[in-house]
Structure formats: structure tokens, C-alpha cells
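Look at the two complexes coming up: chain A is in both, with chain B in one and chain C in the other.
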Partner chain A sequence: MACQFCGVQPASVKDISKGDDPIAKIDPKDLMPLPAPYDGPEYTPDIAELKDETKKTYGKSSTLDGVLAAGIPQPETKEEEAELVDKFLDGLHKLFTKEDNWTFLQPLMLSMEHCARCQTCVENCPVYEASGFNEVYRPTYRAEILRRLYHQHVKPGNKWFKTFQNNGIELNYTLISRLYELSYRCTLCRRCAQSCPVGVDNGLITREIRKLFSQQLGWAPKELHEKGTVQQLLVGSSTGMNSVVVKDNIEFIDEDMTERLGWEVKTPWDVKGADVLLIENAGEFLAWPENHGCTAALLDKAGISWTMSSEIAGYDGVNYGLFYDDVQLARVASRHFAIAKELGVKKIVMGECGHEHKALATIGDRVGVDLPPRESILTLVRDIVKSGALKLDPSKNDFAVTLHDPCNTVRNLGIVEPQREVLRMIAPKFREMTPHGIHNYCCGGGSGFAIMSGFNFNDWRNLVSGRKKFAQILNAFADEDLNTDETKKYVCAPCSNCKGAIRDMLDFYGAKEKSGIHYGGLVELVVNAMVDAAEPVLDWDMM
Partner chain B sequence: MSVLHALVYLSVLIFVVACFARGLKIARTPMHLRWELQPVPHEKPGKSMFEQVNWWEHSRDKNHFGELGIMIPEILLLKGVWEHNRGLWFPSWALHFGLYLLIGNMALILLLTILLLAGTAQSGVLVNVLVGLIRTLSFIGGGLGVIGAVLMFFKRTFDKNMSKYATPSHYFNIILLGAIFASTVLWAFADHGYISRVTGLYAGVLTASPIPAFTTTGYLNVAVVLLFFIYLPFTHMTHFFTKYFTYHTIRWEDQPNTKGSKIEQNIVKNVTQPVSWASPHIGADGKKNWVDLAGGTGEVKQDKKEEA
Partner chain C sequence: MPDFEYNGKTVSVDEDGFIEDPDVWNEELAAALAKGEGVDALTDEHWNIVNYLRNYYQQFGIAPMVRKLCKETKTPLKRVYELFPSGPAKGACKVAGLPKPTGCV
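Let's turn to the complex of A and B:
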């Protein structure tokens, strides 16, 4: 509900518990303007309205902002609603116990108790800014809800003093169903956390909210849970491919790559004692097969002893648990580690997938003991290129190239330079986005959004969460003609989920046809520059 | 011993014990999963350990001066606020820096008191320098703080970003700090015996001897300072020391888990704790621990009767 005086929506944090209508509305006129030639109203359409049937089925959870990302069916009775609220409250307590949440208890407590509400973080949020500063997307809005609930229901102390310090909030089913949905309006990019002088982390708070819903109530988007981690652990991959299918696909990719390059590319499987276990995001094999083909070609050319694993989850580096559930996160990461140990490899090399980097290299580092070392494909490719093992002709990449920094790779791991060193050597028209490196903007598909497409969420992602990145891409190519597809422009995005989000964004705005903006990974550019490749790897018509 | 003695000892004791307890509670939480956030300043810019092939084979030279390079401008100049919230910077900086100056002044008063108790001549150069400094810092620190408090009050009240998230305690905190700053300035300005009275207060507290009588402003100043001592450990203003944890044990904590390390021991301790999350896909029963659950898939098998 908008404030009657200033029109700001919602008027206050307390509105999350109130009313039956959406508390926020996305008006295209409010959204951050895009640069020319995408500044016309035709490029900022309305977000599709939810169908009446959907609204009826998903009830209160569809009354946040008229968008539905996850949604939870409306309970039939008030008693059921009350039961869910009680269960939520029980989970809220568990979130602050060392047994159930040793994983993030310390950072969460610190973020709950020390925010000065100075709002220094807010303008660093690309979603909040792109939305035209819609109150419900303010990074402190959802954090404030959890903070009030924590002080009101978990933290011991005098009730009056706690309200004096933190204000109060009404806990009811309306709140929890909207809060669930609201936890999927943040890409967990952690730009807000970078700017907080005190060290409060709203990205972490959002993830903890998601976790509470998943681990306590079993509420999680199906793309992340049933079709994500569960399918990966049961079948082998979140794509649904079992080991037979994935081997078939890879064989096809190898054959195609062999034909295009003119030398044999062959992916080894389950080689015990190989130096490297390559784990890529299996989405690549279906959506961007040339990424695997080029990675395989580079490893072969560099004479590296490597293998892939056909064990369950061994050929898919995704770990959507990172976005919503610590137990699922630990299960997937443990599988990856166990497979590497079983094969006796010297290290795991993580493919071009940002969240795989974070899940395996840092977060996963403390879910078990005696873990195999993990390394980024970006550093390995940098060393291969710099070693001189490849004959490269940068003029083969004589088109405008810009680089997207995946949040997890740069902001968490700090891998910033290797990919740039490579681009400086192979892409003469490379230019940076502004800002870039550790201060980059999310692609808009972070935290699972790239694979979430239920209801009208695609519209929201393309119009709101990816808007800042689209503007950055356009600005990076501002010196090129954006009114023609004749001059090719390449967004290098060394991350599968980012590529998915950028693909959808370019399709949504028609930027490939209108401006000749294409996207792809880093290894494709390297192989495309190889002198002894029979055919170019980049096929603009197919991209 | 007077009532004032008791109040001073009690408030300082509450401050120390409550801050210590808060710090201890945070420090004793279990080791968490890694959650570092760039920039991690003990790594040289552009030199993340992950940027090296076989990074685990290289020795890590942590550059702790790099950490100081971040912390000093952050603490003294509020660099983060300057960069990301320019409109708030001056009010916040004036408030914080005024407080730093008054804290520094307390240290100078303590030093002067000790010198006087030790029999240093009141007409000595060092004593005169200290007297001059204390008086000056009382004016500058208090004055800057008053300006900061007034401006902060207006920001909290009228800035649409801040007012919506303000709580009664925010206003109270500003008023309390403003009262400390204003009463310091007024006391130092209006009372020619200010220095002898504050050193008398410190001497009385240190030696449990009589404290000289103050002016009304003096009593007001002492009262609001003591109230602040008692109140602060129970508020978000403890960020003055909990910031150590948010930076050093979270953002910049990037110690890898190596064989035989303390980290490894902590992991074993953590993953052998029981889990009680209620969602069926977790499979917890309050007895199974994290290791027991790690082999699961998250699949929830439907009840056959229900399906039928």
C-alpha cells in the first residue's frame, strides 16, 4: 500500500503483515532509464499480470509486488495458517542456535544486532536502483523484517526495551508468505555488504531467510530444490541428464569440436590418478556445448592429464544449495569432494561457473576434512595462454569485447586479473564495463534467478534485476554503432548462470538483432584465436 | 565513599563486564563457513590466492598493513560513508570524531590526574600543556559533537531514507550523545575551575578519596556520561568493537582448511552436532548429526497410501 502523502510504496516495514492487495507495484515509468537506443517505452513494457487462477492458488504469497518467483499455495484454513506461523517461529529460533546453524550463526547475529539503519548500503543495490528505488526492494527492507522478528521473538530481554530499540512487527501468515517471496527479489550479490561501514551483510540475511523457509518449512523454488539439488543428487545433474546421456552429449560435442578444429578433441572419463578432475556446470553441455569443447581442446593442447567423472553429481558442478539450503549445499559439495578423492586426482578444476567456484572453493571448504584442492579454470587458462603452448592470432577476435565479472568469482574469491590478462592478449578491442572487478554489478540472474522462470518472474528479471547489467553492457559498447547488427559485440561472461541471464536479457530486448550484441565464455574466445583451428569457433548466427 | 563514587564504579563495571560478555558471546559462536568479501586487504591488490595455479603450494604472505590501510580511514574518516552516503558523511563524521576527541580527552585527564597525584608541580610545562590541551579538546570535541548530533537528529527525522527505519532509540542515542557534548562544552566554558574539578573527580575515583563539588552543568555532564556507559553495551553502538568480528572474522577470514589444522578440528566439532530442522527433506530427528545427513539427497518419498 502506497503512502497517501508521498506515494512511496510500501509506506513502512509494518505493511508486510497487512492487507490483501500487493504492497508494491512495478510501474515501467518508475524504472531506471536505459541508454539509447533502448530508451523508448517499447523496451520497458509492463510486467505480465498474474492470472486470477494463479492469484487464487498462491493467495497471500502473490501479494508482494504482483510478481511470483516461488510462491506457496494458500492454506485452506486459518488453522493451517497458524500452524505454519508456529513452525516458522520454531525455525526462527533454530536459526540462532549453534547446533542448527553453526554454519552462519556468527555473521547472522552480528548483522542482526549492529545495523545503524544509516542506509549507506542501499544505493549500491542494482535491484533497488533499477526498480526506481521501490521500497520493497531496498536491501534493508527484508533485513529489517527479520531483525524485528529476531528481537521480538528470539533475543531475550525486556520487551519494552527491545521495541524501543527495534520497533515491532506483527507476525502472521501474510508476513511469512510475503517474506518468502521477498527473499527471492535479491540476487545475493553482496554489493550492499561491501559498502556497509559496520560490516552488516543484507545478502547473508536474505540467504538466511531462504534457508529458514527451506530447512524448516520445506519451502523452496522447485528449480532450485526438486529440479535442482534433489535431481542432481538422485540422477546426477540438475539438467536431468544421467551419466549415459551426458556421455552421449559430450561425445557429440567432442566430435563436433574435432571437426571444427581439425585435431582430435576427446574427453576422458573416470581416469583414476589423472592430475585434474574437471567439473563444469552441466548446463553448458546443453545450452553452450562449445564451452566444454573449447575447455577440452585447451586442456588437451596444454598436455594436461585430466578427466571427467560419470558418477552421480560428478559431471555437474552446480550447487544450488548455495542459494537456499545449507544441508543440500553440504550434500552436493561432499559428493564432489568424495568423487575427487575416489579418483585420486591432484585437484578439482572448476569450470566457468561462478557459483560453483564459491560453493567448492570457499563455502564448501568447511563442510568436511581432508578435501582435495580446488582451482579455477580462469587461472589455469591464463597460465596455458601465457605459457606459449598455443599459437594465437588476436586479429581473429577483431570485434568489440567486454567482460562481465561473475559476483561469486570476483567478490567472493577475488579472481579478477587472470581473465583480463587473457583478454588483453587475445581480444584487441577489449574494453571494461564501469564499474568492474570486485565492484561489478550482478547479471541479474544471481542466486538462482537465471534458472527460475515460473509465472511472470522472467519479466521481472529482465526488466528489474538484470536492468543495471544491460545498461552497463550498452554503455561498454557506446563507441560502437548500437543500431546495427553488422558490427559484432561480444559480452564475455565466464559463468553459466550469468550467460543464462544475459542470453534471456539480450533476447528480451532484441539486442542481438538490433545491436549485434552476442555473449559467450572466455575459453571460446581463446580457441577462436588459435591459429591452427580449421574453422572459427564463434558462429555468430548460432550464438 | 559517596553516592557519586558508587555510581562511577558501578557504571564503569557494567560497561566493562557487559562489553566483555558481548564480545565473548560472539567469539564463542562456532566457526562458521567461509564468507569472505573482497577486498581482502591482507592480500595485495590483484593478488587473491585463488589467482594462482596450485595456490595451495604457495606460501601466503599476509600484508597486515593492508588491513590498517582500510581500518584507519574507515574509523577516523568514515570512508565508507563518504563513498556511499555522502549526505550523511559530515553529520556522522562530526558526531564520531567529536566522540573520539572526548575519549582522547579522558585519557589526557587521566594522565594529568596521575601526574598531579604523583606530585608533579602544577606550574610545570607538561602540566600546563596538558591543561591547555584538555580545555581545547573539550571545546573542539564537544563543539564538533554538538554540531554532529544536531545534524544527525535532522537527518534521522527528515531524510526519507533514514526516517522510515528510525526507532525511538535512535533519537534517544542522539539526544544522549548531544547532551554529553553540550554539557562538556558548557562546563569547560562556564567553570573556571573545570580542570581542577575533573582531575579532582578522576583522583577521587582512582584513590577512593572525596570528590570536589561540581557546578550544576558539571553534575549533568557526569550523569549523562555515566548513563552512556551503562546504556551503550546494550545497543548497536557496540559496533565500535564488534566491527572487529565483522571485518576480521568474516569479511577477511580466508584461512583455508588444511590437514591437521585448528580449522579441521572445529569442522569435526561442528558437523557432529545434532540437527533438528523440521523439513522432511532434511531427514533430521534431533539426534542425527550433520555427518549422518550428508549422504542424503533431499528426496521426500510420498506416502503410498496418500498417493493412492
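Let's turn to the complex of A and C:
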């Protein structure tokens, strides 16, 4: 039914295959309002319009919502389009075949067959809510497209009856190119799945759609594939650092930390038989060096025998395959496990990176056997802090601190309390966000969005997918003065991906300069509270 | 690939405006790229950073960590942002002709 105020007809599921114009539009006036002092229209500008040249090159794939995350160059002929549709259909069959999808077929089938269309999930989706309830972002909109295709083209039985029963949908190139883009409008936070009374997982469905496109058509955002997993497996890290560069960088970090703390910090490399293999997200070594420096300092102070690995992928815990492709996921996870075995360590400790946790700690179990034990840095730091090995003075962290819960570590793995136990011991002005823990909201950068910034996708991320989180951060600091940067506020975000998204969000809204809102990890706060640190490791000018 | 035009010449850039081939970089191109990043004229302070980035890139094949850039060029981060309003990665690296940083950075 058309809106009684503006006359705009919200997109129906069938619209995905129709027309040459975008089926959705993002109007800043529709977006969820932000709290003061960010409630003025100047903080919610228009999303940059796609250039005509971009629209021409990416054709149909640019006609979803006026936004482009990855895009597919428009095929030149109808024949090419038809060929791609056939390939898609082939992939659709594979998605529902045990031999081709033994990893996720069972949960996918449950999600296909058991949705009661009750829409309980929709009010739990941060993208849908922040967008002002834009129909194409409704979690069941995307899922329903796959479900109809499944009933029409895959499920055995009378085709006419099944199509009639499920309302049908036209499968054409317009549908597949828009569906590809639409699979990159969900952060895979899985808040929808958590709220579903029967356990239907729209996050998983989205991820399986991405997988179909990647494994069958070779369609994947270059940040995740070409510059992501491919580069990681070839060079050693998705950042492009080979082992020479990473060692040079870590040496710099160790020296810098040693200088600032007043005791020696040294990262051991390739030590056979060490107890712990530390695998962190390599983004830390370039963008947030204190995070590695502080982790190293804490492991040393606790007297833990540890090492890093300079093997390909051994020093980069990212596994973007988790977001889009099972084959790449398995390749990277297998490398991580093989390196741990080769070194003969007792366990892998995963650094402050949410999706690394998810890929190594649980999904990894689907792609290997006899795997080494894995532990989160969050529980290890909790144990170190509680052991009394460190002399701590919480008053050194005399500023407001709130905690962001990375979806993969918290909702998806249930690591909720350890980081809070630490904060209660070291941050006197710690306050929770509302809601928090397993009910947290995504940073807006989940599922790879934090590193995807082509075209106008950055605007979309900051204005739409990160909007709930920005509102939560502002609300958590509502008792502080948000009109000055004199009083410091710290968002503790123990995840590299989340930190990247929060950094971009604070930049976008100018919240560092206007309100003194900074961000960083957990280990930095612990080391900042250490009595015997010569200098504070939190350097506000560098953050 | 989109094109970037300057002084009657054309180079290929990615959708974020980073040049595709680092070898086509020259000082004239840097000055033109800088204009797009809110830098009207490149001063010695700008060149200090741009040259450091290029040398590091030629040696290691990627961009340096920001802290290292600050320490070795003796430029506080705040000053880097004053010089390149779009920041060290999106601003300074683009002007220096480095590819767009990849991974979780």
C-alpha cells in the first residue's frame, strides 16, 4: 500500500526483478533520529549520489537503493545476462545439495522451511530500524527472495503448486544483480536470528546468498576476496604485509612500547614448543599498534610462554571467508591450524578480533579434525588481571568508559562477562550501553563492511548501518558533556573490525573533536592502569 | 576504471580516486591529487610526508603504520590531519600515489 503522506509505494518482494530504476530510496528525513547534540539535519546529510559513469558501468546492480557496495559491471548482451542467470540457478541447486554445501545445508534448510512469516525479527534489525523501516532492508525481504526461488526451482514436487503457494518470483538478471548488492546491506549481526521464536537465521541466509555468488559466479567485493583472502594466502596478510614487513613493524612497536613503559617488550617469533601461539588481526600492527604492544606486555608480565608465527597467514587472524565463501574460509582456517600444529603449541590465543574468534573457535570445527585448543584473549586477560600479577591503579583510567560488544565474540560465542570483569576492576567510570551483552547492536561495520568503502558505501555505513551504534554511544555518555572534547570518553571495542567502523563513524560525525569521544581496545585500558608504566599508553593526541 | 585528468593528462584511478599504477606518479600529479583532498598547495611539510611515504612504499611495497610515519617524519598526528584533512591513509597516501590500504586498517 502506498504511503498516505508521500505516496511512495514500498518495494514488494516481486519488485526485485522489475524495472530499471532503484526500487528503494534513502531519504535523510526518514532515518532514525540521533540524540542531541547530533540531532540537527547537518549531521544527517544526503548519501552521495552515484556518478552517471558508475551507474552506466554497473548498470542493473546499481539499481537497488542508489547505493553501491561492490557492483557488477553490466553485461553487454541479453545472452550474457541469460548465461549468468543459468549459472546462478546452477549455484542455487548446489546450495541445497549435501555434497556441495555440507558445511551449512542443515541450518539453511531449517531457515528455508520453518519461517512462519511472523516478522518478530524485523524490529530487531538495526539496519531496518535505522533506515526508517525501508522495506528492502527488512530481514525477511531478502530471505523471502531466496525462499521463493528455492520453492520454485529447487524443492521437489509440483512446480505450479509450489509457485502458487509461495507467490512466485521472476528469476532474471535484474533479480540476481540486485540480490547480490542486497546481500551486502546486512551486517550478519544475527540479532534477527536471536529473536526468532523458531530459530530461523536470516543472517545465515544472507551469508549463503553471498556464498552462492562468490563460489558460483566469482562475484565478491574486492576488499574481501582479491585484496582479502587471496592476498592473505599469497602474501601472508590481507593488509599486504609480507613476513619481512610485519617483523619490521612489530620491532618498531616493541621498541616504542619499551620506551613508553620503561621495561622491555619483545615479541617472540616462530618459537617451537611455546605454550601459546598468538594470532591477532594484522590490521592492529598498522592502525592500532598499541593493541599489539599492550597484549605483548601483558603476556610477558604474566610469565606466559608465547610466540607469533611469520608463516603465510600465521600473523594475520582475519578470515574474511567467514563473510562470503566456504572455500576461502576453509583455506585460511586450515593454515591457522596447521601452523599451530607445526609449532607444537598447547593452544592458539585469538587477539581482539571478533570474526577471527568466530572463524577459529567454532566454524573452524566444521572444516578440520583433531584441532588445537583455542582461547579468547578476553578470558586470558581476565585471568591475568585477576591473578594479581599486575599492579593496577584504576584511577589512572579516570575518564568515562563504555563497552561495545562485538557481535561475533559476544552474541555469537557467548563471551560476555570476562571483559566486564576486567573493566569493573580497572575503569571506575565504566557504564554499559543499552542494550548490551548478547542484545548489543552491531558497530555497523560487521561482515566486512568496515573495510568496504568504495563508491558511496561509506556514507551508507555511517548513516544507516552504524546509526544505532552511534546513538547507543551517545546515550551511554549522556551524563557527560557532549559539547566539549575536554572531558574524554572512551569506547572500548575489543575487535579490529569494530574499531575501524567506530573510527570512521566518529570521523564522519566529528564526534572526537566535538565531544571528546575516542575508541580503542581492552588491553590498552589494562596497561594504562598499570602502576609501573612510565608513560600512559593512551595518548589522546594519537587516537 | 574512472580517469583522473590533470593539466591535460589522464591517469586511471580506482573508484576512491587512488591511482592504479604507482609508477605513473610524479610531483605534478601529486599536486593535482592534493587539490582533491583539500590541499591547495603542497608545502615542504607536505612533501616531507609524501616523500617518506613514497620511499617506504618503494622499499616495502605497502604503506607504513601511521605511528611510524609520525615518529619518523617528526609530525604529530594532529598536524598530519591539518596538512591532509582527509587523513594519512585516504589523504596523504593518495597524494603520494600509494594504492588504497587493504585489510582491517
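One rule holds in what follows: the second predicted complex is superposed on the first by the 530 of 543 C-alpha atoms of A that agree within 3 Å, B and C clash if a C-alpha of one lies under 4 Å from a C-alpha of the other, contacts with A are read in each partner's own complex, and residues count from 1 in each chain.
In this section, a residue touches a chain if its C-beta (ideal position, glycine included) is under 8 Å from a C-beta of that chain, and two chains touch if they have at least 3 such contacts.
All values reported here derive from a predicted model rather than from experimental measurement.
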Touched partner set for A:60, first chain B, second chain C, both or neither:
neither
Contact-wise, after the overlay, does A:223 reach chain B, chain C, both or neither (first, second, both, neither)?
second
State whether A:336 touches chain B only (first), chain C only (second), both chains, or neither.
neither
For A:115, using the defined touch cut-off, is the partner it touches chain B, chain C, both, or neither? Pick first, second, both or neither.
first
Just to be sure I read the superposition right, which of the two partners does A:252 touch: chain B = first, chain C = second, or both, or neither?
second
Comparing chain B and chain C in the superposed model, the one touching more of chain A is B
Under the stated touch criterion, which partner chain does A:411 make contact with: chain B (first), chain C (second), both, or neither?
first
Could you please specify the touching residues of chain A with respect to chain B in the complex?
6, 8, 12-13, 87, 90-91, 94, 98-100, 102-107, 109-111, 113-124, 135, 140, 144, 161, 164-167, 190, 193-201, 204, 214-218, 225, 229-230, 233-234, 325-328, 330-331, 334, 347, 361-363, 365-371, 373, 375-376, 379-380, 383, 410-418, 438
Which residues, counting only chain A, touch chain C once they are in their complex?
51, 53-54, 223, 227-228, 231-232, 237-242, 244-245, 248-249, 252-253, 256, 281-283, 285-287, 289, 316, 318, 353, 450-451, 453-455, 496-497, 500, 507, 541-542
Inside the complex, what are the residues of chain C that reach chain A?
2, 14-16, 60-63, 65-68, 70-71, 76-78, 87, 101-105
With touch defined as at the start, can you tell me which chain B residues reach chain A in the complex?
26, 29-40, 43, 46, 48-56, 74, 78-81, 83-85, 88, 92, 160-162, 164-170, 172, 234-236, 238-239, 242-243, 245-247, 249-251, 254, 256-257, 259, 263-264, 267-268, 270-271, 273-282, 290, 293-300
